[in-house]
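This report concerns only the one structure given below.
By written order: A, B, C and D. Residues from 1 in each chain.
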Amino acid sequence: MTTTSHFKILINNVWESISIQRTTNLAQVSFRERQWCIDFGKLSENEFSLLVDGRSHDVTVHRLDDHSHVTIDGVGFDISLVDPKRFQSRLMRGDDASGPVSVSAPMPGKVVRLLVQEGDSVQAGQGVVVIEAMKMQNELRSPKSGKIEEVCVSENQAVNAGESLLVVK
Amino acid sequence: MLASLRRNPVNMFEKLLIANRGEIAVRVIRAAREMGIPTVAVYSDCDRLGLHVRMADEAYRLGPSPSTESYLNLERIIEIAQSSHADAIHPGYGFLSENPEFPRRCLAAGICFVGPGASAMQRMGGKVEARKTALEAKVPIVPGTEVPLQDEEQALRIAHQIGFPVLIKAAAGGGGKGMRYVETPGQLSSAFRDAQSEANAAFGDSEVYLEKYLNSPRHIEFQILADRYGNMVHLGERECSIQRRHQKVVEECPSPMMTDELRRRMGDAAVKVASACGYENAGTVEFLVDSENDFYFLEMNTRLQVEHPITEMVTGIDLVKEQLKLAWGEKLSFGQQDVQWQGSAMECRIYAEDPQNDFFPSPGRILRLNSPSGPGVRDDSGIYEGWNVPIYYDPLLSKLIVWGKDRNETMGRMKRALSEYQISGIKTNLPFFKWILAQEAFIAGRLSTDFIERHYSPGDSKKDPPVLQDMAVMAAALHASFQGPSNARGTKEDESPWKLRGRMNGMRNR
Amino acid sequence: MLASLRRNPVNMFEKLLIANRGEIAVRVIRAAREMGIPTVAVYSDCDRLGLHVRMADEAYRLGPSPSTESYLNLERIIEIAQSSHADAIHPGYGFLSENPEFPRRCLAAGICFVGPGASAMQRMGGKVEARKTALEAKVPIVPGTEVPLQDEEQALRIAHQIGFPVLIKAAAGGGGKGMRYVETPGQLSSAFRDAQSEANAAFGDSEVYLEKYLNSPRHIEFQILADRYGNMVHLGERECSIQRRHQKVVEECPSPMMTDELRRRMGDAAVKVASACGYENAGTVEFLVDSENDFYFLEMNTRLQVEHPITEMVTGIDLVKEQLKLAWGEKLSFGQQDVQWQGSAMECRIYAEDPQNDFFPSPGRILRLNSPSGPGVRDDSGIYEGWNVPIYYDPLLSKLIVWGKDRNETMGRMKRALSEYQISGIKTNLPFFKWILAQEAFIAGRLSTDFIERHYSPGDSKKDPPVLQDMAVMAAALHASFQGPSNARGTKEDESPWKLRGRMNGMRNR
Amino acid sequence: MTTTSHFKILINNVWESISIQRTTNLAQVSFRERQWCIDFGKLSENEFSLLVDGRSHDVTVHRLDDHSHVTIDGVGFDISLVDPKRFQSRLMRGDDASGPVSVSAPMPGKVVRLLVQEGDSVQAGQGVVVIEAMKMQNELRSPKSGKIEEVCVSENQAVNAGESLLVVK
């Protein structure tokens, strides 16, 4: 039994096509104008053993929507992979980062110190707030250059995971 | 021998309670089990399924997850020890392990505390008093304050006297918590406040003091063992210069810079400091060593260290078993001349943290775990596949320790073991160790406490060979080809860590 | 050193092929990786997902699952070595490792064989000729035939001469295969035929010979290392007296019966035997020791032994790395006086077999695997969770090795490690080791090759504490309460091993 | 939420009743005229951590129909457990071993030697056939005392897993 699938993959900001035709242990992959023959074995739902030109690779893949996290020989990769149908709708929707972006708490903790105020200009990567979690103080940084549009929390406030701390525009 | 041990149970504790969690609780359970001593674990709510609970003979609930309501609840711990008929308590490290109230309360309750007495702990545990003790024992100390700081102005004045840069440190501290580096006078104010607040959160004590910051020093510490009859030995040094956020991440022994003569002098100094306070049981005397190989007493840790296994690997001495025998009242069974060092050992502390993002903690569920083994490899772990790393405590997952006949074999073995270690579902600092072991300065043994600051930038642990990236892309496609349309799946277990990742985007600076 | 190694790759092999599978292939891959040598695995169809395939840098298919069509296919192995540009082959143990044709073909193909030369292998590998060589070297041998047996009548005649009981053994043998114990003349005929048939199946050679059976002897062997410049050392003894079906299951060193003087004499004898045939690389000289501490040469194994790790644990010498360096042409880097033994080591061979049913093999899928770790514990494993133990090969799963500062600590540690080891889905001999470690005779070090026959009966490894049984019953009910009606479930993975169990009922004799 | 279940369990050839009332982490078990309170945690589909009177037990359970294999603290138990409905039908069906029983191959292998012939009397536990599998020769034994009714294979014959080798009556 042979299964054929097509996907779009984002590499260095360019969407490339990949197609894969496979049985239960062999896959022919067309990708970047090359043909690859992969001898594979499924170790579990999310794990494969790959042999490609004799090279052995152990792979773990966890996928959520368009995002696949691949660990291959201990090295991690984040890969954006969509099937062509979703790819169309995605192009039409338009995903970009020019709007306001919020900095949110990665886990429950406490706001120790605010490093900026509303209206401050910040550079991408600049520290904006210090939170304490897992017994450590951690500085969160601005994901982009811009202005602080809103500060949603105050010092010593307890915050939940995912809670928005401030917004950069 | 074993059979006779069993027939004569009065020559060791009847039951041992371990007042800790994670890998160190597991470590102590293992030692006790090997000696035939039944064990009692204690746990907070989020640790109900912790490895230490699963491995112990008995386990009792302490309270809610926050450590103030569980692992720091001294009354409750004593209560559990009494009701479970434990006649000894091992404190592990962290939590209450350096709180003199702990041995005091144990004594009052008729329970043996596996560690030093309260007075030695008080004297050496307080960093400021410890410095005084060292001075009295004629052991050099790092220039700085001999009393806790009153306020920012005093801190600034003293900093100006001894000269910038300086370190502000928690008087009750350890493990890099409540410590701040201050390069210029302008930074002192916020560093002072942060250190106080972190010290208060970690130790319930906001006192801080000030020390001169030595330029690129090495951190070298000596393990000591002492019985209650005045016998004391040192088991040689551990070099712990590789630190991030002032916390050790790679330790090794022997130190690549050590000579027999310096080891003798530093070992003597360590024993002198510990003797000065009548120390008993296992302890560690920490020194900074400058570029002229002059050493300065830094502090004494009055408990088992995280990095104790590397000393075990080169001496063959099980430190936890020695602790238990010393606490039981046995005499040290060997003298300084019997301590022999064989080969070389190294430890990497595997943390749930993101080395590409300022070592930010990364708790969550461990979806897949493959631990290394084979020749010369020891994994002191507190986790298992499926375990949910809680957000409430230090994110140490396990300690990977290797032994080799020399430093060269040890490094090759560590690289091999790291290549076998797979933890998926959460971020870990495994890639970071691979980076360290590839650095010329590290390979050459040129270590210092600012090694990471000087050599590391976040992208370094993430160099993707292009062919591996192609493989990863094809693996993603292969995996997807086994699934339905991409929006039709996503199990609950998969979700939690990846959603968390998604939310962290705001903090990334790639 | 590491960096310079990388810059100067000509001082070691460019690529190593491992002509084996399972734990020993993994062991060799680990050593090569630590030395920076890329590795090539080979596999049969049922081993496509074997751990050695997953861990190697490259892997190539040999052929169908039966070993005659895969791991015994010499031509194919040489072909793969050539096409993958491997310049060395490690044979592991078993399969082709003692076939002199292997080094011969490697030589012809310009590939380095990691082991002795063909002539030494031929001379020592053939058990009958090896006995002659030992006699010539003036090392005592067990009374028996010095030529292969022609037929049953000859066997019977010689057996009567030297006196019953006798052992019939495969001339090409090893690992207890093709070996039969014959107590009375009446048993000789069927034993002769079984041994021939098993020898033929295992080694492709049905020649057998005959030896006097010593009463309750100890099996004590010496590890030797030799370079091609005439330097040879022994690394001390391993006692392997605990055997089932004439196959070792527990090994330890030092032997509890050994003295320094006897070690010197036996070590000398081992070196003499190996020197007599110009032996090179790693090898093992096996002796039987009777109750008077007289020793007899038994045979020489011209390859790495299964139990080599215990020697590594007490000497600190990595035997596989030494093999590679010696094969590369390096001189032995140490002499006899440099070999030091530290502490005590023990190995348990974890097999997929049922200790309650005559150690019957129990292949199948491993549903859950928890491996022990922590201080002094080494797990040389060839399996992982989810792996399907194939029916075609020896059922060795892993080797659990521990080190302790003395035999007492080692035994306590082994018990602790065994209590952590969990393999579910298939039967293993783990309960059997727990039984062994509880035996007074074992604890006292009174070992002999008939230890198991004398002390063990199938029910022994299954003593259920009644309270544990109550817990088990409640656990079964708890588990069932999470499921629907009992006939509505049973996943595919669950089924296979349990159906197999069901079918095995016919063989049970509880 | 509380769930209540009742089962019959075979212990030393006697069927006993067990009932269990549980939430997601606590279970009340009535069994052998005793009440047990179990603090439990589910580690996976087949694994539990149990705390009973403070004692910690790690348990793995694999169940197929009426048969549960339990490994507790590394010790294995085979337990017959049925729910009351099936128990009724089982009692009526009657399970006993007085009829003919076949000895079958536990795995693929080769018959090396037959130790009995048709018509021979055998004791329970007596060796009846030697097969070679996993490179070892293994003797299979008679599950009961009786007469060999049929020998289904000959020496040197290859056999598959589950194949009937001989029948004892």
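Note that contacts are C-beta pairs under 8 Å (C-beta built on N, C-alpha and C of every residue); 3 or more make two chains touch, one makes a residue touch a chain.
Values in this document were obtained by computation on a predicted structure and should not be read as measured data.
Compared on C-beta pairs in contact, A-B and B-D come out with A-B as the pair having more. Chain centres here are Cα averages; for chain C and chain D they lie 32 Å apart. Centroids built from CA atoms put chain C at 47 Å from chain A.
Multi-chain contact residues of chain C (touching two or more other chains) are listed as 55, 419. Across the assembly, chain A contributes residues 58 that each touch 2 or more other chains. Taken chain by chain, the contacts fit none of the simple shapes, being neither an open path, a ring, a star, nor a full set of pairwise contacts. Contact between chains, as defined at the top, is found for A-B, A-C, B-C, B-D, C-D. Of all the residues in chain C, the ones that touch chain A in their complex are 40-41, 48-49, 53-60, 84, 386. Note for the complex: chain C touches chain D at residues 177, 190, 194, 197-198, 201-202, 245, 358, 360-361, 363, 367-368, 391-395, 418-419, 421-422, 424-425, 430-431, 434, 462, 464-465, 468-483, 485-487, 489-490, 494-495, 497-509.
By the touch criterion given at the top, residues 25, 39, 41, 43-44, 49, 51, 54-56, 58 of chain A touch chain C in their complex. Those residues of chain A whose C-beta lies close enough to touch chain B in the complex are 3, 5, 7, 9, 11, 18, 20, 22, 27, 29, 31-32, 36, 38, 40, 42, 46-48, 50, 52, 57-77, 79, 81-83, 85-86, 101-104, 106-109, 112-113, 124-125, 130, 132-141, 143, 161-162. Those residues of chain C that touch chain B in the shared complex are 1-3, 26-27, 30-31, 33-36, 55, 309, 312, 316-318, 342-343, 370-371, 373-381, 384-385, 405, 408-409, 411-413, 415-416, 419-420, 440, 443.
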